[in-house]
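Chain IDs A, B and C follow the sequence of writing; residue 1 opens each chain.
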């Protein structure tokens, strides 16, 4: 109707909204501009939110992925009988008496030999023998000793080993350490880096995937290359087992009572208020509770998964109860009536009919609760899980009482250390943690999709 | 929608306020309004009657483009307000709705004071230059809405606190306050008791002095009471349109007769 | 007998009870299940429940109460001189416990036998030698052991041993008694199902009271230690002190105000980030976005809520902290610390975005469509409708959501530990130092962590202050939560 206005008598009637509809008046233009601005604010809020997520994940990934790679030096070590087993009778007790200091020279010799074979001259590079030996992780001697004690019959042979290079050499191949920074670093010299380059050219040094990151225990302050998340993963696993075993039955029992049997009175009101409040209490307060009740009062050991598990159970309960109640509520009353109608007791109708139907929802809620618990850090710090733990906890149930770490706490622990190699490892551990969370949430979504019922 | 249609078909620009030609409305796959042609006159109450789901409310919502808020709704054909196509690309629905106000089935006062409810439209359209003008508009609108005497002492009370009938009259007053030229009413009495209904009907008759009123109603008695013109919709078609007395006493179409005598609907 | 074994034996008895109860019931009915009052398995469950439940409850109660009772009894016998020597009763008892543990280990490792242990405190033995031998077991004994500590330790051991024995006896006896009683009651007319069901009901009720017990536990554990703290440090100075300077050698200034200021400052920055972004995102998603954008953007923003706070902490430490310092603080000359109020506030704000947005989304969606139609019908634009009709209608709910977010912000720990630093605001340095958002600042939660980790001495005000801080934190967040829940619930009722 492009020429419609031409056929219309102009402003036929003196109204408040005089003027043709086909022309936007000044006020409308202004209002539409405000409309567009408002829309733009909304869209930018979303863009900011999504960008924050992307930047967060990208920064963690970019800093943490190198943790899964490690630099190794491959050497052929001659297990010298004269040094490791002077009497030659392969008595394990005598072999054990040789400390790691006895093994270090063997590695040093092997490295010098290898360098000689490759034609690397330490004089040209200006590195001392001591500096050459320092290129291999201090963990290597311990590793060698463990091998010999496990295989005493191989003393006297020459065995090929893949030793961890020290954290600075590793950092050199990941861009953390450069020739310039090495000048000022008392732990590494440019000469050592050139030596490492020469080893690499000769094929004795390589960087590849590091299984040890998943299986090793925490490493001490000056050997980041030997630090792994083995103990932390085991500790987290133990705690998750405890949370699952305690929180699921207790949470389901509490929900069944509140949803199916509880009369409406002040007592159940009190419970309801408590549950919704506990869901919002700061996690650190649960840590104080754990410290005061479980450790100081009940005398449970510090740093133990049992205490962490109990604290996390109390934290997870509200989540599970809220999810379970929602799930029970969504089962239509006709199911209960049908069961009661054929003569089942109320208890039977709940346990035989309502509960199985509500199970997918309950499991979804439980998994989400577990995922929250898995990432929780602050309360675990208060119950002593920040401690440096080298020993793997024993198998459950005794292991529940052994000192252990937990993944998120291990991350925090590493960020407080001086060597930047630990920050890389912290990010690596975060990636592992996020991968677990992703799997759990994925499982929850699948459960929900697969078993979701519409009544 | 933009195809040119001879404007001679508009019979008389002085009395015809809205003229619809060949209107089709689709909700997704459903063809809700089929080929409706109708002229709505100024200073007249036109009633849309018909069984549930016949499309009378859908058609009403086309007249001020309320259907724009529904994503799956498509409107084809021409609807002219004072000879201007309201579905033209250049028309801003906001400006259109200032001219074509609407009152809904359920009273929907905003969660604000009575005063702010009425002042809402004048404020967004900039109808008052100062506070005293606004006060004047509010009072005038509440008087037109026949509710002034009941609320004049509590203009700061929340609008949601009124009774159902009062709420609906408040909503009518609110629509009137923007000074529209056409007032669309979508079953305005369906949520009201008989006494409130009588009050609202009386109000509608008074409103005719200043506005063109289009009212959708379920009740044939109501249509007979308040309207001068009646349009009967059935299954998306406009079956019959004419003088109210004519339609109720002497329907031309057998479907209209069946509906009026209670055989369908 | 270790607790695990007791539990296993009780469970074993319970299992026996199950089968015995079932068989006995069937026996009295002549093998015809139709003549039984209840299904046979109910008779089994009845016996199992009577065997297991009371005995395990007694076991749990014993484990909770006995250590405290022993401790108090032994503590009462300690001579005043010993307590004075150790500094406090708590420290003296800690020494006694360590000595007792060392003696246990010595006996276990065979370096001492029970007879020698029993005579140790008679004064014959050479104390230095005893200390050395105990140290050999790997126990951490700092100073030379005194006779009174040895005597108390020995008493402690004996009582613990006796308590263990009594407990084992009592629990097993109760289990056996329950089993016998259950089997005795079992015959074909016994209403086993009703008994089992009321038993299960009791268990369900017990499970649901755990929420209350947890709250009581939280409050009591903090109240007691806070009381201890106020015995050692005046409460006026804690609540109104403007200086935070703990010193483990004594003479600490433990004023809470600098910490509270840091907490509130960081929370306000976080809310300034989260509330506008979260609210606008919620408005856009619920009022403007098409189904496709909504399907992508909504879950992405909600992922932010599922990320553990340690990840945000690391993000603050590695990325945001250096960025804020290099791009804003240093060019403007406002500071050169990677830890700052701004860093923690920004990152915490990001964490809270999904919190605000998903709650607001629910609340905005609860505003009835008729309200929007009314506004559109009057010729309002969409943004006018949102600003003047939808938001005012949703306001109470949104206020509730913001309060919940504020309570989250105040209680958040890891982000501030890693992003804000550990230095308390210095009111003495004038307002500039306190208000600069690019300076490091610390919060209540950070100090709870730092006072309670590492070597702690539960008799010093420097450690106990953490409980007072915790209680303050709990009370503040409790207030906010209850208020928020109240507002949100009230709001929901309005539209139901």
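Keep this in mind: contacts are C-beta pairs under 8 Å (C-beta built on N, C-alpha and C of every residue); 3 or more make two chains touch, one makes a residue touch a chain.
Since we're looking at a predicted model, the values are computed, not measured.
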Centroid comparison with chain C (C-alpha atoms), farthest chain:
B
Which of A-C and A-B has more C-beta pairs touching across its chains
A-C
Rounded to the nearest Å, the gap separating the Cα centres of chain A and chain B is 62
Mind checking the centre-to-centre distance between chain A and chain C? Centres are C-alpha means, answer in whole Å.
21
Chain B touches at least 2 other chains through residues 94-96, 98, 124-125, 178
So chain C residues touching two or more other chains come to 381, 384
Per-residue multi-chain contacts in chain A, two or more chains
31-32
Within their complex, chain C touches chain B through residues 290, 368, 370-381, 384, 388-389, 392-393
Would you mind writing out the residues of chain B in touch with chain C in their complex?
64, 66, 69, 71, 94-98, 101-104, 106, 108-112, 120-121, 124-125, 171, 174-175, 178, 184
So, in the complex, the side of chain C touching chain A is made of residues 4, 63-64, 67-68, 193, 197, 200-201, 203-205, 207-212, 214-215, 217-218, 221-222, 224-225, 276-281, 283-285, 287-289, 293, 297, 300-301, 303-304, 306-315, 317-319, 350, 353-354, 357, 381-384, 386-387, 404, 407-408, 410-414, 417-418, 445, 448-449, 452-453, 458, 466-467, 470, 473-474, 477-478, 481-482, 485
Given the complex with chain B, which residues does chain A contribute to the contact?
1-2, 4-5, 7-9, 12-13, 15-17, 20-25, 27-28, 31-32
Taking the touch rule as given, give the residues of chain B at its contact with chain A in the complex, in rising order.
2, 4, 7, 13-14, 78, 80-86, 88, 90-92, 94-96, 98-99, 124-127, 178-181
